[in-house]
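Common to both upcoming complexes is chain A, partnered first by chain B, then by chain C.
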Partner chain A sequence: MAKHGGWAGKVLRVDLSTGRISTEDTIEKYKDFLGGTGIGYKVIWDEVPIGTKPFDPANKVVFGVGPLAGTGAPCNGRTAVTTLWPTCWPKPLVASGHMGGHFAAELKYAGFDAIIIEGRADRPVWLQVADGKVEIKDARRLWGQGIRRTTVEINQQMGPEASVAAIGQAGENLVPMSVVMNSYSHSAGGIGGVMGSKNLKAIGVRGTGSVRIAGNKGEWEKVVKLHLSLLGSVNQHVVPNSPQPWAEYYGVTRWVGSRGRKWGAAEPSIETGECDPRNLNRISYRTNNAVFFLGEKAWQYTVRGNGCTSCPIRCHTMLKVPAVSSKYGIPAVGQNTCAGLILGRDFFKAFPDGPMGQTAIEACMVGMHLADDLGIWENYGQMQRDFKELYYNGTIKNKVGENEFKSYSWDKYEKGDPSFLFELLTRIADKEGELATALGLGTGYHLERWGIPEQEWQKDQKVAYWKMGHPKHHSNEDAGQCGVIINTQYNRDAQCHSHVNFTRNGLPIEVQKRLAAEIWGSSDAVDALAAYTPMNISKAKMAKWSLLRKELHDSLSLCNWMGPWIASPLKERDYRGDDSIESLLYSLATGDKKSREELDKVAERIFLLHRALTIRYMETKEMRAQHDTVPDWVFTDPASKASFTQGTNRMDKEDIKLAMDMYYEEMGWDKKTGSPTAAAYRKLGLGNVADELAKRGLLP
Partner chain B sequence: MSPENEKHEILERTRNYVDGNHLFSRREFLLISGVMVVAVSSLEARGAKETPLIIMDQAKGLVIADPTKCVGCRRCELACTEFNDGKASPTIARIKVRRNLNFGPKGLDTGQRGQGNWGNGLVIQDLCKQCPHPVPCANACPNDAIVVSPTTRARVVDPNKCTGSKMCLRACPWEMLSFDTDTNKATKCFLCDGNPKCVEACPSEALSYVAWRDLTDKAPPRVIPTAVVPPEKAQTCNDCHKK
Partner chain C sequence: MEQQEQIYTAIANVIRKSSETGQLVQFEEIWTELTGQGLLTSEADDQRPHLQGVVREVVKRNEDLREIPGAHGIAYFYSTQTLSETYAVILARKKGDPLELIAQIVRENSSVYPRPVPLDLFRESPFDLTGEEILACLDKMGQQREYQDIVQTTTSIGNKFLFSSRHLNPDYASTLAEWLDVGQINNP
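And now, the complex of A and B:
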């Protein structure tokens, strides 16, 4: 049994070039970085040389989970996959993709906290990890197969319980816009091509072991039940979207369950009901992301919710749409969530029966069927926004040859016929032709290839592009300056939900302000949506807190698409959540007692290492000017409304400068360059990191 | 009811198992495999040391499941093992979802068109049926380590008696026994002494704790049991059932 609770205790290292398989002690080497992205950043920092390209054998891929993965802590199903990012433009930098499903738990039960993949195999292989026994297996017969076929064949060898993370044809063909996927519908974007470059088709994991809870099991049960009691619906929306007998408020939220709304394709159908938050046996009926994204019509097609190990919030929706079998020859059942769910629909500008009609749903079904088998990534919808923009402004016609242009059924496309996706998505996976190849590069490299300046994309609000090849992800539209700061910090879309899971939780602004004052010191931290006020220090505190909690969640294996849990649906708690739930879970699971503040320090160390990695690979300390940039559209409004007036998300340039000043100050970084000081690194035990950056002249 | 009458009734019921239109009698393999050698101890001698333990009591309750409501989160497996054993361990969970989650109970034989996440979405939760007499796991135990819980009359493993022979694992047609490699003991559903953690943990109300009823003829077996009944128990069976 492992020394500590929580952790499995070992990190697996596989060198595909030599076939060498080894293990490391998690506690000895990685405890200061918890797990997940923490281990990922540490490995890249220690081991991947400057100048390495994502598809070089010298790049490494780290599948990391944390001490809470595989336990009964709610929402712990996510695996962080860290590597040098192939769609980060103009230069690849470190980033991570995150997949849910059952892979994380299974990896722990198999005895590992992380898998480090290095080198490149000389022929296609897959990795079998079964209860501590690890083998590199021949994958030549799997090469060329989709993710579904690959998974089934590996399950035939390893047994039906194994969790298989596989790439499709897109990854094999080194398409940067490709995923690794496990448990049918859970993917990590950007990773497919990196695995493909290593000739690694899949990782199959099977474990019969356990994760020990170090603390008293009665105490653990209490904390788990406390956590469950604080849950809302997906994205921690704590208010239902329709009036309920128990509810004081309702609002625009993803809490869609209600009496009269049914999982219509369950046999027989199942009423979702009132979903009183005090009834912990009905948590799973609150969420239906298909309905949130596709409209009321999706109820009739809902078989049930689905999702990750241990998570009662089922953010994936399993849909059964019988018509798609005869119309498109695809299975009637499909499932995914959010961006993956609407992948197919988002390529189209319009449908004959409107954006929430039957055709839109069918486009989603076709999109999921194709993209989740070929292993295509959509970069939070940026691929589709680019495609629409470039088609309707005539660029595609100009940039691809006449023959190629004619080979697409544009009449079908313009009519909103989902069968168009069969033409487009298969070609993206195969890099067939100019259009498909360019789309598969990701926005930054695509624009560069076609000679379109990045600034063009940064002007246009509806394209929603931010920087470095990636889109906005919950920015000013969700949290004003706090959202803007967060969107400047990463090397891909920010993927941070700490802030938006609070600002969009559905509670009235007065209640949000009361809670905000308790967490960030002032009710001024939050504004009503689209009624933003000028920058203040509590907004900077909220931004820092949000970023640290994101890294904490990605390292502990808690879901930052659900957490943090600082608000709850419970009136008797005055809608308070608990800001210390992470440290309570961590301390009991591992036996390493840490307060909320102490654990946030660990999170800050992890976040700082990400910053140091970014600085090292960019080879500049001028982060403020060259990295932490804000696109022009943030400072515009479609109706030319002024900043800080009712009904606009428009930000003000000088105010955002102040926001960045306050943020850097709050972090203890140099305001001029936006780089952490040597003292900031040392304070968090990263003295060696400071030393290396000093040698390279990368400290402010 | 007098002891004699009760004994008579039990014998009648037992005959039904053997002769009647019951799953066990229909499934000859069970008989051939030697597990289902039916036995009834004399009521007076029950519990006496020299007589092998033969469980006659019915359990008071059992956990039943609705597969159409299961969302595949496995919180039941985790509650079962964390709150009882202090570790997250689906392998020893007394409710078993993982094995059916991807492809259904038939595994990959039905391919993508089967059950589970890869098929029609239906997740079958496997649960202990708290079998009526003859209790396959208890009868197969060479140490009489599977006993009746005083509170729920669930069939439970007495860890002090269990020597880890795993005979019970081979005896259950539904593969509901588990082996804990940390303790080197078998373990099975003990109904959490009347307050099942799995039922409490289910976020989609797919599990219920109800009055016991016989489900042994409702659920198809997962495997052909391969355990044998120890000779002294088989003798007791013969003693009771000879005509």
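And now, the complex of A and C:
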């Protein structure tokens, strides 16, 4: 191990059935898979038998972090949690949830690169990991508590610096739509019930160690500084959303900091200032996700930005809304980002004062208060879209018994009264009644339970459902065919931001095209928004690159919500980022020198293992027909505009077939089945995987 | 010779300092500043044409310095070290006709990015127009032939966007406005 930096060197294994705690050498067993999802997929491949269900003791949960976690590399706070996914329909397949916060760094400082949880405890327990010392502790006193109380109690025992990843009542009650959450607002969806099935309430980690940087320290500092200089705001939007003295470009982006804009609830209030990108000490002032999602009014309630270890972006906005204390009896302060921030608002169709008014903000506060304590997952807004659709089309009334239906205050709901959320969310966590139980299953199982064919959801653009129980996540609306390809590849929503963090970065289309040509070989890789052109090979290259960067980030612990960093706010660089930043950081941190291309090959190995796992658990090689499917709504337009005309995201069926052909070819997979060939596996060092799939008749 | 160099340096400094505060500077302000520094005698009005030439010479000698024409034939100066051309152009136009300012911004956005711009943009710095002023401008623009390409579109949540029909067709502009105002937020 002495040879390598970056990794802590040990993977922790905890068998909750037997109480056995052991460790493995990270380098020996997992180096070829880096960390994060890489370790997760490897463990599931090696150890979890076909036919295992998510809540079976035989399922495993892998909390994996990467060699860059806990270093000074920017945006390194991600923990990937990999398991058999309880909301993947019609059968559970492998997937991962991702949480930021401080868990990843603490785990490294405590001496571990991953924790593999297996078996099932015979009583509620929590796991204490402190500087290499691991104990399974009694959690009976914590069981039944929300995430906040659990976190406080464990922090009281371990100290305030400990990071606590806990489940709420939803996870305990085996609600599939549930999260594990650390640092009060950083959650990984889909994991709560799996932990609950193992009687594992929480993991507390605390470390006082450090991560060794193998390379030259001066070089390391230089690369970290380069990386910082390339950062934009949240989601790597590299231009501000209003004209600023230093800026050549401006746009409708998430870079909202500007002269005169203030965090109004800070005491005293703080002006964000102009955030000139050359001033690295002002990066944190660029982003205010509450303002982006809730409107200008949110400035007055902003206390500050919050976020993950070593990330200056601070995408979690801390809000203080005094009115919610007296109106709803909840704390005035809450924080979250993106979908978590707007969870409460998204249940409603309308509010008395509009979608950006005070009531909508209050709905967000109530939503965060409840969901982040009960540990409810909203599946990138799918739960709320399902709920609205099923209520307003009359299905809920028809499917739920009369008494139960009457027990909800629908008048409040229709008026946009946030207090309605107290009725709904608490019942989801407790599986109380038909409606709450069904919503808690996740879309696929919910539709099946209520006899609604999945195809109905796949026709409806506004429901934004993709397949297998999950929604679209940055598909054709953000990157045309590239977005479509990406959304076909996972067993849950794609969670890939490599493509959208480029296409939405705010730069003019001609600048984007120039940068695209440098990375994907042609300016035709990208189109202007809603002005898509037919498929070409550079779009397939962009899709492959996007997927591999996602897996790379998930395995290194870099944040794919913030990266990659191929564009920058710097005019002096002609707005170029650096496509090699990951390999530069990896090589210096670990001492394992790898070029960009070599590291991408490792990412491809990890992604291929995910593909192999999907094939093995689906027990078919017919991926193109049975897995990589595209919902019908992608081929429609609300105003019946034709594909490839301005003003529509509508895709063309034949063109998407071509897109998949080109993508499979780019990956070196069989075009007919969409499955990787034996040669594709072997080329990436996965000969054993090819052999097993061959035995099962699962190679093309 | 030494004094001339001193004046050259002082002029460059005045321009750069002004840009650091996010402002353009015009010749009269440079004149006043140099006089205040004792580099020019206040009675030397006959030096004005000469000094204008000197300012232009200083701009030529310094890569970061630029001259930009403003309204009523007034020239403005700025440094690209701290002020982008985009911002400087907005500041220069702001000193002229607000109708022209709005129209040019809308046309550029429609052509370059391409996208419509929210009406509220013009309430932001550096435009700093009030809601009433914006509406009054739009009203006037509606009556003038040269602004007939500036068109409004309203999103599903009632916000207005402007675009130029020279660069965007109405249908496309409306889709883009809806995306910027509603779609982006619904696709976090």
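Simple rule for what comes next: the second predicted complex is superposed on the first by the 697 of 700 C-alpha atoms of A that agree within 3 Å, B and C clash if a C-alpha of one lies under 4 Å from a C-alpha of the other, contacts with A are read in each partner's own complex, and residues count from 1 in each chain.
The working rule: a contact is a pair of C-beta atoms (placed from the backbone, for glycine too) under 8 Å apart; a residue touches a chain by one contact, two chains touch by 3 or more.
Treat the numbers as computed from the prediction; the structure is a model and nothing was measured.
Could you look at A:K217 and tell me whether it touches chain B, chain C, both or neither (first, second, both, neither)?
A:K217: touches chain B, not chain C.
After the superposition on A, what does A:V333 contact: first (chain B), second (chain C), both or neither?
After superposition on chain A, A:V333 lies in contact with chain B alone.
Touch check for A:I566: first (chain B), second (chain C), both, or neither?
Touch status of A:I566: no partner.
Of the two partners chain B and chain C, which one touches more residues belonging to chain A?
Of chain B and chain C, B contacts more residues of chain A.
Classify the contacts of A:K320 with the two partner chains as first (chain B alone), second (chain C alone), both, or neither.
first
I'd like to know which partner A:G72 touches here: chain B for first, chain C for second, both or neither.
In the superposition, A:G72 contacts chain B only.
Thinking of the overlay built on chain A, is A:I428 touched by chain B (first), by chain C (second), by both, or by neither?
neither
Given the touch rule stated above, what does A:G260 touch, chain B (first), chain C (second), both, or neither?
Touch partner of A:G260: chain C, not chain B.
Taking the two structures together, which residues of chain A meet both chain B and chain C?
none
With touch defined as at the start, can you tell me which chain A residues reach chain C in the complex?
Those in contact with chain C are residues 242-252, 258-260, 274, 292-293, 338-339, 342, 354-356, 380-381, 474, 477-478, 504, 508-510, 528-531, 571, 641, 646-648.
Quick check on the complex: what are the chain B residues that touch chain A?
68-75, 78-79, 81-92, 98-99, 101-103, 107-108, 111-112, 117-121, 182, 200-205
Residues of chain A touching chain B in their complex?
Where chain A meets chain B, its residues are 1, 70-72, 102, 105, 109, 148, 152, 155-156, 159-161, 183-184, 208-213, 217, 220-221, 224, 228, 266-268, 270, 280-285, 303-312, 314, 318, 320, 331, 333, 335.
For the complex, which residues does chain C have touching chain A?
19, 22, 82-87, 90, 112-115, 118, 121, 124-127, 157-158, 169, 171-172, 174-176, 179-180, 183-188
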